[in-house]
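The structure follows.
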Amino acid sequence: MNLNVDYMISIIPLMTSAATYTIKITVLGVFFSFLIGIAGNIVYYYKIPFLSGFFKGYTEISRNTPIIAQLFFLFFGLPQVGITLSGFVCGVIALSFLGGSYMVEALRSGIESVSKIQKESGFALALSKTQILVYIILPQALRTSLQGLFANVIFLLRESSLIGAIAVPELMHVARSEISMFFRTEEVLLMLTFYYIILIAPISIFFTFLEKRLRYAR
Amino acid sequence: MQDNMNWLEFLISERVLLLDGIYQTIYVSLIALFYSLIGGLLVGFIRCIPNKISAFISRIYLESFRIIPLIVWLFAAFFLIPRFMGRGFSSEASAIWVFTLWGSAEIGELVKGAIQSLPTIQRESALALGLSKTQLYMYILIPQAVRRLIPTVINMATRIIKTTSMLDFVGVIEIVARSRQIIERTVEPFIIWSFVFFFFFFLCYPLTLWSRHLEKKFR
Amino acid sequence: MELRNITKSFGDKKVLDKVNLNVKEGSAIVILGPSGCGKSTLLRCINGLEKTDDGELVFNNIKYGDEKTNWRNIRGQIGMVFQSYELYPHMNVLDNLLLSPTKVQKRDKNEVKEMAISLLKRVGLDDRLKSYPHQLSGGQKQRIAIVRALCMNPKLMLFDEVTASIDPEMVYEVLQVIRDLKNEGMTMIIVTHEMGFAKSASDHVIFMDSGNIVEQSSPNDFFSNPKEERTKQFLNKFLHL
C-alpha cells in the first residue's frame, strides 16, 4: 500500500472547507437541540398540560427513527407537498430534531437528580417555583447532566456525517465525491479519518477536562 | 402513480419491493445483533480484566468507534475489505463485519457496566456463606448481570435497526435503498419517505417500550 | 399559630386525624412520637409543603391554607429547618444565606449581609462566610441552616428532627442554638427524639401516635406523670436505652 502524499496534501483545502461546513451545521444543530432541551424541561417542570404530552410524543418519535429517514423526508418528501428547504436547512432541522430529544432527556435526568427536599427547602424559604428552578435546580442539574450533554454533542458531530446523504458538502459527502472522481480511496479515507479525529478528539478531551474541574468545585 | 390511487393503494402496489426492503432491514439487524452479543460478551469480559495492556487496547478500540462515524467505517470496509479478501466478499458481509465490531464495542461497555455494577457486598456475603467462586458466579452474579443487561441490549437492538438505514450507501439493499428505487420510478417521495419514517417508528417504539417495562420490572 | 381539626391522608392511609393544636406566641412546643405518627406531616402542613384534606390553619388570627393563600407570604414568616440541612451545595455559605432575603423579601444586600454575619457570630461560624457546604461538618451545616431560616425574620420556626442526622458529639451545638433562640422569645414547634432537650427546653410537650394527639402537658408532667397508656409505653422504650 503506497500512499500518494502529494495528493493527500492537495486535497487539504477541500477537506478543510468541508470540515468547516460540518462544524457550521453541527454547531447550529447543537444550539437548537439545546434550546429544545431547555424548552422541554421547562414544560415538564411547570407541568404545562398539552405541551408535556407533545414533548413526550416528540421524544419518542425522534428517538425511534433514524436520522436518514428524517432527512429524506425533509429533503425529498416535503417538496412534493410544496415545502422546499435547502440541504443545509434540512440538515440543521434533522440534527436539531434528533438531538433535541436527547438533550431533553439528559437535562431531565440532571434535574430529577436534584432531591425533592432541596426544592422543598426552597419553598420553605418562600422562593417561587421559578426562583427555585433558576437558583437551585438548574445550577445543580447542569453539573450533573454535563456528561450526558457532552456525549450528545459528540453524537451529533458523528451524525452530521450522514447529512451528506442529501448532497450537502460536509466531510463524508465530499470525501465520497472525491473518491468517485479520482479513485484514491486509501488516501482520501485516511484524510477523512484524520479530519474526524482532529474534529472530535479535542472536543472530547476538552469536555472530560471541564467535567473533572467542575466536579472538584463542589 | 395514477391519479385515481390514494396513498394506501400506492403502497400496496409497491409492496413487493417494500416488503423485501423491510425483510432485509430486519434480517441484517438480527444478524448484527446476534454477532454483536457474542462479541460484546467477549469485549465486556476483556474490559473487566485488570491487565493494563488489554485495557489500553480495548480502550483504543472503543474510542475509535466513538470518534469516527460509523458511515466512515462502513465505507472503509466496503472499499478496503474486498481488496484484501478478494472479490468473494459481498457488501452485506463487509457491513455485518463493521456492525459487529461496532455493536461489540457498545455492548461490551454495557456488559462491563453490568458486571461492575454488581455490588461487592453481595460477593463478600456470598463468599462468607461458603459458596465457591463458580457457584457465586453461576447463581448470583450472572443472573443479576443478565437482568440489568437485557433492557440495555434491547435498546442497542433499536440502535442497530436505526443504523441499518445507512447501509444503503454501501450497497446493501434494505428498506432505504428499495425506497429510493421506488421513488426513481414513481416519483412519490412524500408517501414513501413517510412510510419509511413510520416503519422505523413502529418497529423501534415497541422495543423501546418493552425495554422500559423490563427495566422497571428488574429494579 | 392554631391548627383546627387538621386531617390528611396519603391514599388510604390516614396520617393526621382531626388534630388540634394551639401555639402561643413566644412558646416552644415539642412534638414527640414514634415513626410514622404524623408529626413531620403536621409540620409540613403548617407551611404548605403538604396540603391538608380538611381543617383550618390559623396564623396571627388569620385563616390561611386554602386556594387563595399567598404561600410565599406565609413562608416568609414561618421558617423551617430540615433533618438533612438542605444547604445549597453549589453556593457558599454567604450566598446560601442571602438568596431568599434578597430575592423574595427584596431587602438590600448589605443589610442582609450584616444581619447574616451577626447571626453567624452568635452561632460561632462567622469565619465560614466563603466556605462551601461540603467543607463543613453536619453540626456546622445545621447551624447555618438555622441561620438561613432566621435571616428571613420569621415569627415562627419549625424544626423537623434537625439533630437526627448529626454526629452525637455535635448535637449539643445545635441544641444550644435552639435553646438560645427560645430564650429570646422565638415561637417554635420542634419535632425531635431528644428527650433531654424536650424536658429542659420546652414549654409544652405533645405526644402523637397514628395521626392523633394522644397526650399533651407541661414537660414535667409529661415525663413524670404520663396519663395515657400509649405515652407510658413510648416513654418506657426510651428509659431502657
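In order of appearance the chains are A, B and C, and numbering begins at 1 in each one.
To be clear about the criterion, a residue touches a chain if its C-beta (ideal position, glycine included) is under 8 Å from a C-beta of that chain, and two chains touch if they have at least 3 such contacts.
The structure displayed is predicted, hence computed values, not measured ones.
Chemist: By Cα centroids, which chain is closest to the centre of the whole protein?
Modeler: The most central chain, going by mean C-alpha position, is A.
Chemist: Could you find the chain whose CA centre sits the greatest distance from that of chain C?
Modeler: For chain C, the chain whose C-alpha mean is farthest off is B.
Chemist: Averaging only over C-alpha atoms, locate the centres of chain A and chain C and give their separation in whole Å.
Modeler: It comes to 47 Å between the two C-alpha centres.
Chemist: Can you give the whole-Å distance between the Cα centres of chain A and chain B?
Modeler: Taking the average C-alpha coordinate of chain A and of chain B, the gap between them is 21 Å.
Chemist: For chain B and chain C, let me know how many angstrom lie between their CA-based centres, rounded off.
Modeler: 55
Chemist: Which residues of chain B touch chain A in their complex?
Modeler: On the chain B side, the touching residues are 66-72, 75-76, 79-80, 158, 162-166, 168-169, 176, 179, 183, 188-190, 192-194, 196-197, 200-201, 204-205, 208.
Chemist: Chain B touches which residues of chain A in the complex?
Modeler: Listed in rising order, the residues are 60-61, 63-70, 72-73, 76-81, 154, 158-162, 165, 172, 175-176, 179, 185-186, 189, 192-193, 196-197, 200-201, 204.
Chemist: Hey, which residues of chain A end up touching chain C in the complex?
Modeler: Going by the criterion above, the answer is residues 117-118, 120-121, 123-128, 131, 135-136, 139-140, 143, 218.
Chemist: Using the touch definition up top, name the residues of chain C that touch chain A in the complex.
Modeler: It is residues 47-49, 71-73, 75-76, 79-80, 82, 84, 86, 88-91, 99-100, 103-105, 132, 134, 148-149, 152 of chain C that touch chain A.
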